[in-house]
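In the two assemblies presented below, chain A is common to both, partnered first by chain B and then by chain C.
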Partner chain A sequence: MHGNRLYEGQKLALKYFFVAMVLFGAQLLFGLLAAIQFLYPDFLFGVLDFSINRIVHINALVVWLLYAMIGAVYWLLPDEAGREVVGIKLGNLAFYVLTAAVAVVVLVYLFVQVGPGKESTIWFITEGREYIEAPRWADIGIVAVVLIFLYNVYATTMSGRRTGILSVLMADLIALAGLYLAGMFYTDNIAVDQYWWWWVIHLWVEATWEVYVAAVGGYILIKTLNANRKVVEMWLWIEVAMMFGSGILGLGHHYFWIGTPEYWWEIGALFSALEPVPLVGLFVHVLYDWGKHSGQGHKIINVPAFAWLTVETFGNFLGAGVWGFMHTLPQINLYTHGTQWAAAHGHLAFFGAYVTILIGAIYLAIQGKAGLKELKMTKAGWWAIVLITAGMLFMTVALTASAYVQTMVERGMYGATWQGYFAAQANRWFLEGMGWRLAMGVVVIAGYVLLIYDMLTCTKKQPAEAYEGEVAAAAA
Partner chain B sequence: MAKVSVWSSNRFWRRSATWVTGVSAVLLILLTFDSMAQMQMGTAKDIKNKVDKRIPSPVVINYKIEYKMSRKRGHEVPIIGGMSPDGKSLYQVKEKFFGRDDYTEAEARALIHKGKLTIQAKNCMDCHTLLGNGAYYAPDLTKAWLDPTWETLAPAYGGKEYAIATFLQNPPAMAMHERKMPNLGITKDEAKAVVAYLKFMSAIDTNGFPRNFGKIKGAVDAWK
Partner chain C sequence: MEYYMHDIPLHDFLPIFVDSAMVIFLGMMYAGFFTLVKLRLVKSYFMVAAYLSWLGLVGCIYYLGVLLQVEPYTQKVLFGAMVGYLIFPHIVYFLLEKVHKRFEHA
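Entry: the complex of A and B
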């Protein structure tokens, strides 16, 4: 830590984190509206229809995660490289351009909503492709901003210390940015459309984002536990091998039913079944380091960051690993594809794999900004982590219960017709699941309010020794 | 210095990671070339020569489309223009679409082009699923053209294409469920184009998804 003398790159990181947390709030709010509409379909009908609420819900998710990811890189980059970020002025400019563009895109989603069936709609209103609805002009702007970000990362690393963590991030970020291009074209062929659409969605969340998490997770371990860098970086390379080894061809599990050849059944089944393996590794690694560290009588330097990292390892394994594996084999997916199964899996996976670790990274920055030697967990911080985590876990269980009903009634009993769809949606057990989902959404929002409160106030509520920087040995 | 085992050598794992990633990426690219070749949209010539395509020519809107069990492949497949005794598409039996069954390739392509643009411009995918991908707030549209609901409504509108097009132009007026589709300002031309797209999409070979589509009748509602 550098006391109150932060690098300019780290000050930029704080701006990214701020916008990220605002968008996180927007994500939860619009998710709540959509969850209400599942139970009360007339709620906001014709004003903010489900489709609009959902677009804002999932786009705010993707954008805030990207903001927090960029922020975390700007935070650790000067620290790792041992020098100020190169091209920081350009980086600051890019931040304001991106934020203005995001604001315009969201306002157009909310107030223009839809357009006529013409190319101009794709360019200026919506592309209408789940997760990457942003119109084409915004796509081009995003690419420009990301190029500036990549320049910052590469130029800084090349002229500074090139650690293993930075080497992985350099390779990973260029793949992450390049993949976005796969989603930037129009075709009348919906099968080809979805084929490339998955290159963005899957190769982000099940490959490049996972590797990003492994790298930033390694950095958090070093910062919170003083973990041995050589061991952390060795684990990181093993994780990269396992994540890309399973995740790249695991893409095949999205190619079962979209007009693709049958060989994707076997390829997708095999490699996606391997995808949970590195997630177990991550989990074991963090718990092992924790045990070793406390066995040596050391304190955790940033308890909230480490606590969120621990939730990450459980959440990633459960949400991405277990819930993903539940319906990844084609013989099961034939009946579960396009049902609430995907919603159940998606909620816990995005939360477990990404939301958690990025909150952890933000707590590192909070400690760094205040220049504290240690950061303890406050009461509000504990309640935030408990409410958000329990809320997300039970929300996933509730969605899974509804998913069972949908699969059995709509797919099994009715052969996937519209009549079957609505019979399942009106089923009492299905609606009970939706009710619990809404209740859990409220719990998560309560946790979010506490989280924001804690992020703003926790540095003022630390025990006296944190300010003095006294490192006392804990009882072994 | 003590000899370091290869298993705890960062260099070994860095190289392994690079190789594994490289090999996986190359395999994915090679498979993508093959998939793209198999997924190209068919042409009117393919239909004339009775060549089955995973994504057929848009002129399939001139033909009767069914979804039948293929014993050879072990799941349902789209059958276009009647079925031969060995379970293959005959590309013979026509079906009027808005009063015509002679759309040229250019006309049919123009229709589905407008249809696809409309489907994106109205954010269909953020309530419905298409090929099973999207949101789960409204029914899957993959084989919507073949859904029994439209068969029952068809006579009152002079054909199911008219029924669907009427619905799309003012969905709340024809609401089928408490969870209504909003009025998205879909014009008459856009509605026709969207219906053409739905018919075209129902002829895409989805490897048997959705299973048993429309085959089960008289199922009982659970606890309700």
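Entry: the complex of A and C
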């Protein structure tokens, strides 16, 4: 912001945030339908199959997170660089092109649910790779849009103030965008294909996205706590060093059972075990900043953003750290791979590491858009954070209960056979876990409704003194 | 190097999951208590809790190694990792303090 006006880049960020929240709703809705189908397989069979619900659920997650990430960068970019985003018109054009492409891709998923697996399917319907199922024409479009985004970030930073946060983001975004290319070509050998596919997924979520989140988290800490920029930036570089070590070689835990050489067992085990270390560092950092500032009269300038950042610290630790380590070592992963353990870990890790911090970034933009000096938490905001966090936590516990049954029955007792698969799926305790997962899904959706309500109305419920900045700025 | 993986008995599944979770929890408790004491947010005798957490962590790692029947090479790696983790919060705190001092007194 300059004065009380938003930069054009920040207005573009608000558009990205809006679409991100719509897609977040779609993700939850299709997740709920898939959860119902786990319990009642005939539900919507032939109308909206489980495979399609799952595709939309997972891809909506990835796409809304990317939208929110791009939005967060467009929000902080002019503020950090001290100038308007270079190529803002191109940025706006890219936003509309991307949004139209996402809409078309989803409609194709919904209307073409079954068909032959031909070359044209890869180009126009789906590539069939989990998390990045978009057809190739959309892939190429995404690359073009991301190139525009990269150009805007680089051109703006190079011609403005180059802060540590922006420097880290510049390096990270190159890796983030470049890795997407690894998921755009096909090989006939499925083991080789999986090898490259993991480059996109794993190196996104456990390397480049983690660094990205650390950069945005650092910006939020500076904005909400007045944290010392030098400390934040020093920590960012440490994070980069650690994350690229544990993140890149930690990739090995996805190579255990896809036909790659056995030395990946040792590499994957060691570096997967090291993956929680950067999380511990982040935890110490937040604790350190909080400790340094408590009792010094520092106010929290944006309570909702800081609250979501706090949830991020614990959610990331529990989801990525605890639930990850419980089943990552190869000796036990032999039995847990591909069971509901992955779902339990994935749900809490994605929520803890990314959803929370991006919601925090959106609250920062809400405060900026309204020109408020401070943003307090409203009742709806508290209920949203409680319902979504508790819902996700208990959903993870429910999935873990089902996962335990699945591991014992399907893998341990029946030795990963089809008979074992169906015996585990019909097990009473497995189904009980799935039932609780569905119930917690409803709780999360209730929290989402409150979150949207709060995002739309919280600025109108702030105390009068919060508007002092706006009035003063307007008068000036 | 030859790699070999032993079958895990069914009755060891639950202890492995619980023990793995404890590894991460105790690791966090060590770092957490250490930082809180260093920042003087809790009494200094809580440092004992930090080092007890680290000892618990070492015990859990050892037990996990037994349950997973790890190779001698992995045993050595785990031992090295525990020593490294003992030092890790000291290094992080040292770096944060130095940076703070440098920029607060600049």
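The rule we apply is simple: the second predicted complex is superposed on the first by the 463 of 476 C-alpha atoms of A that agree within 3 Å, B and C clash if a C-alpha of one lies under 4 Å from a C-alpha of the other, contacts with A are read in each partner's own complex, and residues count from 1 in each chain.
Methods note: a contact is a pair of C-beta atoms (placed from the backbone, for glycine too) under 8 Å apart; a residue touches a chain by one contact, two chains touch by 3 or more.
No experiment lies behind these values; they were computed from the predicted model shown.
Once the two complexes are laid over each other on the shared chain, residue contacts for A:Met413 go to chain B and to chain C alike. Of the two partner chains, chain C is the only one that A:Ala273 touches; chain B does not reach it. In the superposition on chain A, no contact is made by A:Ala100 with either chain B or chain C.
When the two complexes are overlaid, the chain among chain B and chain C that reaches more residues of chain A is B.
Of the two partner chains, both chain B and chain C are touched by A:Glu262. In the superposition on chain A, A:Ile140 contacts neither chain B nor chain C. Of the two partner chains placed around the shared chain by superposition, chain B and chain C are both touched by A:Met234.
Judged by the touch definition given at the top, the superposed model places A:His285 against chain C, while chain B stays out of reach.
Legend: residue contacts after superposition of the two complexes on their common chain; A:Gly321 is shown touching chain C, with no touch to chain B.
Using the contact criterion defined above for the overlaid structures, shared-chain residue A:Leu329 touches chain C, although it does not reach chain B. In the superposition on the C-alpha atoms of chain A, the part of chain A touched by chain B in one complex and by chain C in the other spans residues 230, 234, 238, 262-263, 265, 334-335, 408, 413. Residues of chain C that touch chain A in their complex: 1, 3, 5-6, 8, 10, 13-14, 16-17, 20-21, 23-25, 27-28, 31-32, 35-36, 39, 41, 64, 68-70, 73-74, 77, 81, 85, 88-89, 92-93, 95-96, 99-100, 102-104.
Chain A meets chain C in the complex at residues 228, 230-231, 234-235, 238, 262-263, 265-266, 269-270, 273-274, 276-277, 280-281, 283-285, 287-288, 291-292, 294, 317, 321-322, 325-327, 329-332, 334-335, 404, 407-408, 412-413. Across the complex, chain A meets chain B through its residues 34, 37-38, 41, 45-46, 49-52, 54-55, 113-119, 121-122, 125-130, 133, 164, 167, 186, 188-192, 194-195, 197, 230, 233-234, 237-238, 240-241, 244-245, 248-249, 251, 255-265, 267, 334-335, 337-340, 342-343, 405-406, 408-409, 411, 413-423, 425-429. Of all residues in chain B, those touching chain A in their complex are 8-10, 13-14, 16-17, 20-21, 24-25, 27-28, 31-32, 34-36, 38-41, 54-55, 109, 112-127, 129-140, 143-144, 147-149, 176-180, 182-185, 187, 190, 193-194, 201, 204-216, 219-224.
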